[in-house]
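Going in written order, the chains are labelled A, B and C, and every chain counts its residues from 1.
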Amino acid sequence: MSNRGPLAVAFIAGMLMIGDYFLDWGPLNSYAEWVQKYYIIIAAFAIVLGVASLFKLHLGKLKRKEDGWRYSIVTFFGFFAMIVTGLFMTSGDLTGTKHPWNAWLYTNVQLPLGATMFSLLAFFIASAAYRAFRARSLEATLLLLAACLVMLGQVPILTGGVFESLPEIKQWILDIPNMASKRAIMIGVGLGMMSTALKIIFGIERTYLGGSEE
Amino acid sequence: MNIWDKLQSIDRRWIFLVMFIVIIIPLMNPKSLDINVSEPTRKAFERIENVPSGSNVLISWDFDPGSQAELLPTAKAMLHQLFEKNVNIVVITLWPAAPTLADTTLNEISTLYNKQEGVDWVNLGFKPGLDIVVKSMGSDIHEIFPADDKGKRVENIPLMKDIRNYDDFNLVIDLSAGSSVDFYVEQAHGAYGADLVAAATGVMIGDFYPYLEANQLQGLVGALVGAAEYEKLMEKAYGLEPDKATAGMQAQAKAHLAIIIFIVLGNIGFFAKRKKTSPKLESLNK
Amino acid sequence: MIFNLLIADPLSPEGIGVWIAAILTIGIFSFLYKDNPLFKFVEHLYVGVGAGYIVVVAWHNDIATNVIQPLKDGLLAIQNNDPSGWSDVINPIMACLIGSFLFFPVIAPRLRWLTKYAFAFILGAFSGVKVGPVISEKLITQVSSTLNRICATSSECAAQSASINYTPESSALFNAIFILIGVLCGLIYFFFSLEHKGATRIAAKTGILILMIGFGASFGLTVMGRVSLLIDRIQFLLVDWLGLIG
């Protein structure tokens, strides 16, 4: 199946948005607003697509009774608990306000689970720091030195003498060398982003369409 | 196996236990730590202090439970400051897992100041689309957010009557766990000239220093340490009692020290082992 | 130590929530010892609850407000012979139709070619919205800010622009030149199509050293951030659940 249609859609949508930024012309701006309104609705479907893929994965696990299939029941239980309290136990019709149990589930189940899951990273970063961070070269030594100075300067627990200037040293590292390196990366990323965006709009970049048709 | 080999192959669960202990003990024995307020946090505080009473501020609540530990204390401190100054607050979010967190916090803080939803503050909820949402708010916020988080139409919300786009906001605050600061700098500030202040997680904050230096951001608050600094400024200016962020600073400091000690120990072992093996390699090569 | 032995009451409505949150928190932490059924249970629960919440929010905050409500308003306007109602009806339906194309590989494999149109629209619009602002904010402003900083160290240069504040401190010139060298050398390091030899090699080497300082700073800030997450959870267990701290 030819890709000309989708490439034309990408070109029109992209050029409308570029034109909207550079030109102040009523008809163009209103078409760009039309693209924006459509985008916001289509993006909701894209979000739900991820959830649908998850659904499919766990349903398959249940059907084939794969290893750990019982845990998929837990996933569905959590999923439907949120859906029922959020969509079907609303005040009024389907578009009414969510039931208070939905907020309760969020505060007492989702929030602690999410927060704790991410807090595990503190342990792994400590373990990685011990096992893997070695001053093997000048570059690695500079990296570790900068990291230690920033950590010590952020919450100054060591005080007195030379340690008094740790916060200033930390701030200088963040304001000058860190800022310079991030700026260089930002400029490079900006150039790359711009070229990729233009390649997508002009149809040079087509991998998102899949296949090898013209 | 000598001591350095043993230390290099220690079970990582011992390291986890040390981290637990290093954090629990300071929390159980709370002692104050002299918090040094950094310039980026001070700038953020002062910019919000300069928001005139009665004007409007847009807060983009772009963090979820995974980052609430780092950003919620800053969010609370900023809400206190804005409500103290009788500033109207409009909250939106670009993250799908954020609306309830924003709603709960707004309800909690606004009741302390007798602020009414719909009159003094409103939560317009989530919209997918990232950059495009940020850009669209520059033309007409009513088109993109036709109702608030509870489904009430925006034309029936008194606060939203005179708010149509960035021109009607004195300041935009982005509480960001990801890269939404990039979107606001590019679209809100770049295209529409909105003033911006950001609060970011530890992972991301280093990346936003170029924006701060170029005055694209007028202030930057970083993670829990930034929140503790902000709480100190709020205590000085408004007598607000320091909260969780300040309480956690001793533990934060001790944990940093522990990790530095881990790095040093690991490197001592590495160099000791390297020194031991290199004469053996030399004799093999002869 | 301030002991306040008021463990959250498991029989009160708030207390049940705190106890459930505490058990789930400990379930996640149990992974640190080793993978176990309790951890697998809470992990799968997290995935399910998270996915369900996203669907609820997408419905209430997007479909209900930006599709259902305009559709209702549009149909009412059409009933009242107002032609503007047609756009309120057609636009949301068209957007939903394009959005539904994303599901065709799963629900209607024969029509999966339509998915390309949805992806093309999303990527085309997203790319277009980036071009102008990226050029302005990530390229022009960043480069000009680097040069303005050097200009700011000279009173004659700073006087030529209202946006540049003269900074007479001796460290200002050093910092400005450091930043200029850092940015230039960092960019040269990433320019892989130019062979790094001679002066280019020196510049690239300088660039990587400055980049490493930046990465080290990022690592230090990342550690700070991750430790904050852990402190919050332990504060929850000690304060809200066990009441060990007043």
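Note that in this section a contact is a pair of C-beta atoms (placed from the backbone, for glycine too) under 8 Å apart; a residue touches a chain by one contact, two chains touch by 3 or more.
On a predicted model such as this, the values are computed, not experimentally measured, just so you know.
Taking the mean of each chain's C-alpha atoms, the chain whose centre lies closest to the overall C-alpha mean is C. For subunit A, the chain with the farthest CA centroid is B. Taking B-C and A-C together, the chain pair joined by more C-beta contacts is A-C. Between subunit A and subunit B, the centres computed from C-alpha atoms are 16 Å apart. Our note on geometry: subunit B versus subunit C, Cα centroid distance of 11 Å, whole angstroms.
Separation between the centroids of subunit A and subunit C, computed from CA atoms only, is 5 Å. Residue positions 21, 36-37, 39-40, 43-44, 46-47, 95, 102, 106-107, 110-115, 117-119, 122-123, 125, 129, 144, 147-148, 151, 154-155, 174-175, 178-179, 182-183, 185-186 of subunit A each touch two or more of the other chains. Counting partners per residue, subunit C has 32, 50, 53-54, 58, 60, 62, 64, 66, 69, 125-126, 129-130, 132-134, 138, 142, 214, 217-218, 221-224, 226-227, 229-230, 232-233 as the residues that reach two or more other chains.
Contact of a single residue of subunit B with at least two other chains is seen at positions 16, 19, 66-69, 96-97, 100, 127-128, 132, 135, 144, 151, 191, 206-207, 210, 213, 225, 252, 255-256, 259.
Interface of subunit A with subunit B (complex): residues 21, 29, 33, 36-37, 39-40, 43-44, 46-47, 95-97, 102-103, 106-107, 110-115, 117-119, 122-123, 125-127, 129-135, 144, 147-148, 151-152, 154-159, 167, 171, 174-175, 178-179, 182-183, 185-186.
Every residue of subunit B that touches subunit C in the complex is listed here, in rising order: 13, 16, 19-20, 23-24, 27-30, 66-70, 96-97, 99-100, 125-128, 131-132, 135, 144-147, 149, 151, 153, 185-187, 189-191, 201-203, 205-207, 210, 213-216, 222-225, 244, 247-248, 251-252, 255-256, 259.
On the subunit A side of its complex with subunit C, the touching residues are 1, 3, 5-7, 9-18, 21-22, 34-52, 54-56, 68, 71-72, 74-83, 86-87, 94-95, 98, 102, 104-123, 125, 129, 138-140, 142-151, 154-155, 173-191, 193-194, 196-198, 200-201, 208-210.
Looking at the complex, you find that subunit B touches subunit A at residues 8, 10, 12, 15-16, 18-19, 33-36, 38-39, 64-69, 96-97, 100-101, 103-104, 127-129, 132-133, 135-136, 139-140, 143-144, 150-151, 191, 206-207, 209-210, 212-213, 225, 249-250, 252-260, 262-263, 265-267, 270.
In the complex of the two chains, the subunit C residues touching subunit A come out as 16-18, 20-22, 24-25, 28-29, 31-32, 40-56, 58-60, 62-64, 66-69, 91-92, 94-96, 98-100, 102-103, 106, 113, 116-135, 138-139, 142-143, 146, 175, 178-179, 181-187, 189-190, 207-224, 226-227, 229-230, 232-233, 236.
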